[in-house]
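One structure below.
Read from first to last, the chains carry the letters A, B, C and D; within each, the first residue is number 1.
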Amino acid sequence: MNALFTLAAIVAVISTTMVVTRTVAVHALLYLVVSLLAVATVFFTLGAAFAAALEVIIYAGAIMILFVFVVMMLNLDRDDADRENTWLTPRVWAGPALLSAVLAGELLYAGIAGHGTIVAAREVGPVQVGLALFGPYLLAVELASLLLLAGLISAYHLGRDSGRGG
Amino acid sequence: MMLPALIVIPLLAALVACLGGRTRANWPRRVTVGALLLDALILAELTRPVPAIGLAPGWLAHFDAPWIPQLGISLRLDMDGLSLLLLWLTLALTLASVAISWREVTAHVGFFHVCLLATTAGIIGVFLATDLFLFFFFWEIMLVPMYFLVAIWGHERRVHAAIKFFLFTQGSGLLMLLAIFALAFVHRQSTGEFTFDYFKLLHTPMSSGTGMLLMLGFFIAFAVKLPVVPFHSWLPDTHTQAPTAGSVLLAGILLKTGAYGLIRFTIPLFPDAAHRFTPIALALGVLGILYGAVLAIGQTDMKRLVAYSSVSHLGFVLLGIFAWNTLALQGAVIQMIAHGISTGALFILVGSVQDRLHTRDLRHLGGLWHGAPRFSAVFLFFAIASLGLPGLGNFVGEFLTLLGTWRVSPPAAVLGAVGLVMAAVYALLLVARALLGPANPQAVMGELSGRHRVTMAAMIVAIVALGVYPQPVIDMASPSLLHLGPLSARAAPLLHLASRQDQP
Amino acid sequence: MGAVAPANAILLAAILFGLGLAGVLIRRNLIFMLMSIEVMLNATGLAFVAGGARWGQADGQVMFLLVLTLAAAEISVGLALILLLQTRRPTLDSDVGNRLKG
Amino acid sequence: MQQLLALVPALPLLAAVLLMLAATRIGTNGVRILGVGSVALSALLACRIAVAQIGAGWAVQPFDVTLWHWMRIGDFAPDVTLHLDGLSLVMMLVITVIGFLIHLYASAYLDGDPGYARFFACMNLFVAAMLTLVLANDLLLLYVGWEGVGLCSYLLIGFWYDDPANGRAARKAFIVTRVGDTALISGLFLLATSFGTLSIPSLMQHATTSWPIGTAMPTLAAFLLLGGALGKSAQLPLQTWLVDAMAGPTPVSALIHAATMVTAGVYLIARTHVLFALAPDALLVTGLIGAATLLLSGASALVQTDIKRVLAYSTISQIGYMFLALGVGAWDAAIFHLVTHAFFKALLFLAAGAVILRMHHEQDITRMGGLRTAMPGVFVVFAIGSASLAALPLVTAGFYSKEAILGGAWDSGPSGRLLWCAGVVGAFLTALYIFRLLFIVFLGEQHRHPHGVTGWRIGVPLGVLAILAVVGGGLQTPALLGGIAIMPGILGGVFGSASHEGALALLPLVLASLVPLAGIALAWRWYGGGLASRFETQFTGLLLRGWDFDRAYDRMIVQPLMWLVRVNHHDIVDSFYEGLGKLAQRTHAGLSLSENGRVRWYAGWLAAGSVAALAIAVLS
């Protein structure tokens, strides 16, 4: 299990790095899917099978499909990729990268220094999650549904405008 | 009931002027004049030799009504001779402002007169209120319409000037508000009563440090208004940019609220602290006289020059107030009135130059005498009044002030007298650059209009009368200043010592 | 089979978050920025799940579910906006869209 | 009759106000009648009052007229009270009579000037102010007249306002005298604070009773009053304005120099002589200043080429004589010289004016010459005036008054002898420069022909003044020469009975009378043939510029002040507040840079903030 975790983690990090650095949007998108799948594996190793399934279905499935559609509609071509290249000079990325590295370093430091004993993960099954969702978190679930509704309506509204060509 | 009427009538008139001003341009003007005359009638009724029954000696009228009794705030108005004098000055100069704006102001006539009346109402309130909270209320009320007067009808850099004016006065006003609250709390600590009543707050016992801090709070608020160097710098900008009527109101009356505040509040409320503050106040007064004069000499903008001369003149008022004797105080009061008239008149004259020639720049003027001898003669008259020629009102004020100051500090009096020499320099430079010299084809202006002429004539008569027979003014003001009598008596031994050391 | 330590998962989350942030900061193309945001959200979800696994409680996964909802809603609106922008202005450069400048 | 005293200053004042208000309506003739008539009436009234008040032995019955109470503040109660005694009577007569003659003359001199009415309004105001000055019973009222005189001099010197130079001269006159006035008003403060009153009689009484001779207080007070007097009377170091004051029309110069203004300082000291007597130091300084002024400006007069500037320096010099007299305590001699000086200086100015008028406003004497034949009348009166100024023995008024002064100086101890020497040298200089002027202008070759004739309104005043300049000496003569004592009689009530005449030694009298003759002889030798610049040394330029006082003041006072004014033109204090505003604006600009609308920057700042917050949380 540990080996699987390690492998998945390495894949996740590498593919995420690729997401950030690719110039062609579709490539980046594919790497993102890989990254999400790797994280889904991590979830699985952590004993959160339900979350892993959701990650694959909704993230890697539904959301990424949205991305694909949009990227297709945008008609990105060679020029866009070249432009991305010109935007990615070291002068541009050095500062933000350093900042992010510092932040990540701080988080890592906090993660390492924060706890005393290492405890193994305990499995949490879909039943438990379901009971929690429709028990104490009922209100949150309802709010989330409202949020999704709002997202749906606004996306529809905006998309309709864009369909008419503004 | 007459005292609140004095304040309410202009406010009501403002409402009426505003409502009817849409269609007929002269309607607001007439309403304003009517309201001012009505006020003047009431004031004339109040100007009687015998005070009403049941009032403390020196007080002429009284009004009291509860406002926020829980906090000890009431609508308390009282009038004594000093207030009465300043109210007369207020009404007269407001009337003059209306008269000279008759033709000059054509945009938003209704709102202009609303602002004028609202300012007047605020000023009247300031001169009457004897509840500190109410006083502060009026103090702030007079600012806002004045701000609009400058910002809407002013000249080139009016917004800058208006904001500067507002920031200075508002900022210093907040200091005063703090001091007022602190004073009320100090009073409650010592007596258990929470009140803003002026008469109850007099003689509030407090430690000397507290007294000094609170005194400074009041002093700075009034010093900004007066204005005292180094708080003067809003004044030249505001005066320069304000419309003529605004300048007249500012110079003539608004500045006097500062002096009034010093006489009415700062000194009686904190006599000991104020007394310890005397050397600094005298130094500031002298500094104001000289600094204002030096700056006035260098100006090429006529309005700015007159504005700086105001700084110089009001330095005398500060000297007079902090000289701690009746002579100097009387001098300060007369100087206030004379300055109101003479500087107001100068602003009117400069305003009419600006109105006709569209410039106030002395470098482009000159030779006005050729085209307008009468105008120039009047201009010369007020310039000379402003440099303190004996026989005119300003001289009486300056002389008495300096005479009183000499008792406290001869060097201060001598330096003040040096200021008179500088006054001659700037006044004559103003005259020479504007009026004298060869005829200038670009600067030909006609004579004054009828309304201007009447206004000017009245002001000339007033300033001459003040110069040759100031006794009525002195008599009217003396009871109010005698309130300060015990203070100066208390101050006397100390001062005597000081003057001993100072005298050669 | 050795159990995975949730602490390590937290570390992974931190790294992914950092990468995502770097993406947001570095990329000028809105599409890439949105993707990077997804990465960051995902990292957050990972942290929640790891926390839940540490204590054996369902709350971590509930939170992940909520984050997921949020991501879905956000991405749908965001993509719609991108489409709109694309039709209005022929660029997805985030630096050009600075009309909100104070 | 006593109540009518108020009318003496009131008539010219009223006429001035009327002239200002109704100038355009009454026409030139109206202006003439009103302007000249008011002073004439005033002069008649003054004479009538004089006749009524002068009793046996020429003693004057003093009286007061209180017009109204000016103000009452506690104990300080100055009144508007007129006081007539011998001194003010003499001054009043001089002012009104000479003033009237000058007005009459001016009515012709200024014919056709567009500012005719304005001119007479100012002239009348001038006379009114001067009368107020001399009749005031209260120093405060005196100060009103004092400043009023300054104002009128300003208005009249700058009368031809087209030329900015005239305006500058007028401003200079006003401001320089005002410097002196500052000293005077400080003296007023001192006196009023010490005694609680400014009424002259009670001041003098208080001073004698409470201030011992030679102590600090009377000395300080006397010095302050002296400062005022120096300014008004154009004595060192405040003499510079008077020469420039020649920018005004000639009648104005005559009025300023003869009847009004410059004599005010002499009058002030004479009026407060009790105080000065308490301050020997101040008196000594007065005498020394007088002597120095006498010599310095006499020397300057030697080289001037402008006819009016010669006379101006001459006036400064002659007032120096009066100060010298005051300095040695010869009060009545000073006033006597004031009177005779008024006669001959008015005569000289008016005659010079007649010359100038007929030479097309030419004032340069190097372009004149030989006018004797064309203007015999003017020549005669000018010669009489010059003789009187030079103190030609026995036949001129100037001789008697100058002898009175020198005699007074001779009698007053060792310092007096020194001053006497200065006076004698001054007498020599006086004779030299005035006859130089006379010879250059009237003798020698004729360069230009004068035009026109001299009318009666110019001729009559000249004639009257010429007579006065001769017979004026009859007011007071030394014992050796008849011992007439009209002046001492009139002034006796004020100064006490002085008795110089008995003590006057013969030797100095003779010596002093011969000196002017020597001066005239030298002038004849040098300039008798008309124009010749004999007196040319390297000092000439310095003398011409009046010893460079102007330049020194310019360097020491005017330029530093103007530098300050220029530097501080924009108000340093204000720049502090404006700086606050600028600071706020800069801060705003800086902060709004961060608000650049670029979402990545916001994210970056967000991240930076998180980094900082985490760093605090983690590392602490």
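Quick note on the criterion: a contact is a pair of C-beta atoms (placed from the backbone, for glycine too) under 8 Å apart; a residue touches a chain by one contact, two chains touch by 3 or more.
Per UniProt, the chains are A = NADH-quinone oxidoreductase subunit J; B = NADH-quinone oxidoreductase subunit M; C = NADH-quinone oxidoreductase subunit K; D = NADH-quinone oxidoreductase subunit L.
Because the structure is predicted, anything quoted here is derived from the model rather than measured.
The chains in contact with subunit B and with subunit D alike: there are none.
Every chain gets a centre from its CA atoms, and the centre nearest the mean of all protein CA atoms is that of B. The chain pair with more C-beta contacts between its two chains, of C-D and A-C, is A-C. Averaged Cα coordinates give subunit C a centre that lies 95 Å from the centre of subunit D. Taking each chain's centre as the mean of its C-alpha atoms, subunit A lies 5 Å from subunit C. Subunit A and subunit D have CA centres that are 100 Å apart. Rounded to whole angstrom units, the spacing between the C-alpha centres of subunit A and subunit B is 72. In subunit A, 95-96, 99-100, 103, 107, 110 are the positions where the chain touches two or more neighbouring chains simultaneously. Along subunit C, residues 21, 25, 28 each make contact with two or more other chains.
Listed for subunit B are no residues, as none touches two or more other chains.
Remark: subunit D residues 592, 595-600, 603-604, 607 touch subunit C in the complex. Of all residues in subunit D, those touching subunit A in their complex are 600, 604, 607-608, 610-611, 614-615, 617-618.
On the side of subunit A, the complex with subunit D involves touching residues 95-96, 99-100, 102-103, 106-107, 109-110, 113. Those residues of subunit A that touch subunit C in the complex are listed here as 1-2, 5, 9, 12-13, 16-17, 19-20, 25, 28-29, 32, 35-36, 39, 42-43, 45-48, 50-51, 54-55, 58-59, 62-63, 66-67, 70-71, 73-74, 76, 80, 84, 87-88, 92-93, 95-97, 99-101, 103-105, 107-108, 110-112, 115, 118-124, 128-129, 131-133, 137, 140, 144-145, 147-148, 150-152, 154-159, 161-162, 165-166.
Residue ranges of subunit B in contact with subunit D, taken from their complex: 164, 168, 229-230, 232-234, 236-237, 291, 294-295, 297-299, 326-327, 330, 367, 369, 373, 377, 384, 389-391, 395-396, 399-400, 402-403, 406-407, 410, 413-414, 417-418, 420-421, 424-425, 428-429, 432, 435-439, 468-471, 474, 478, 504.
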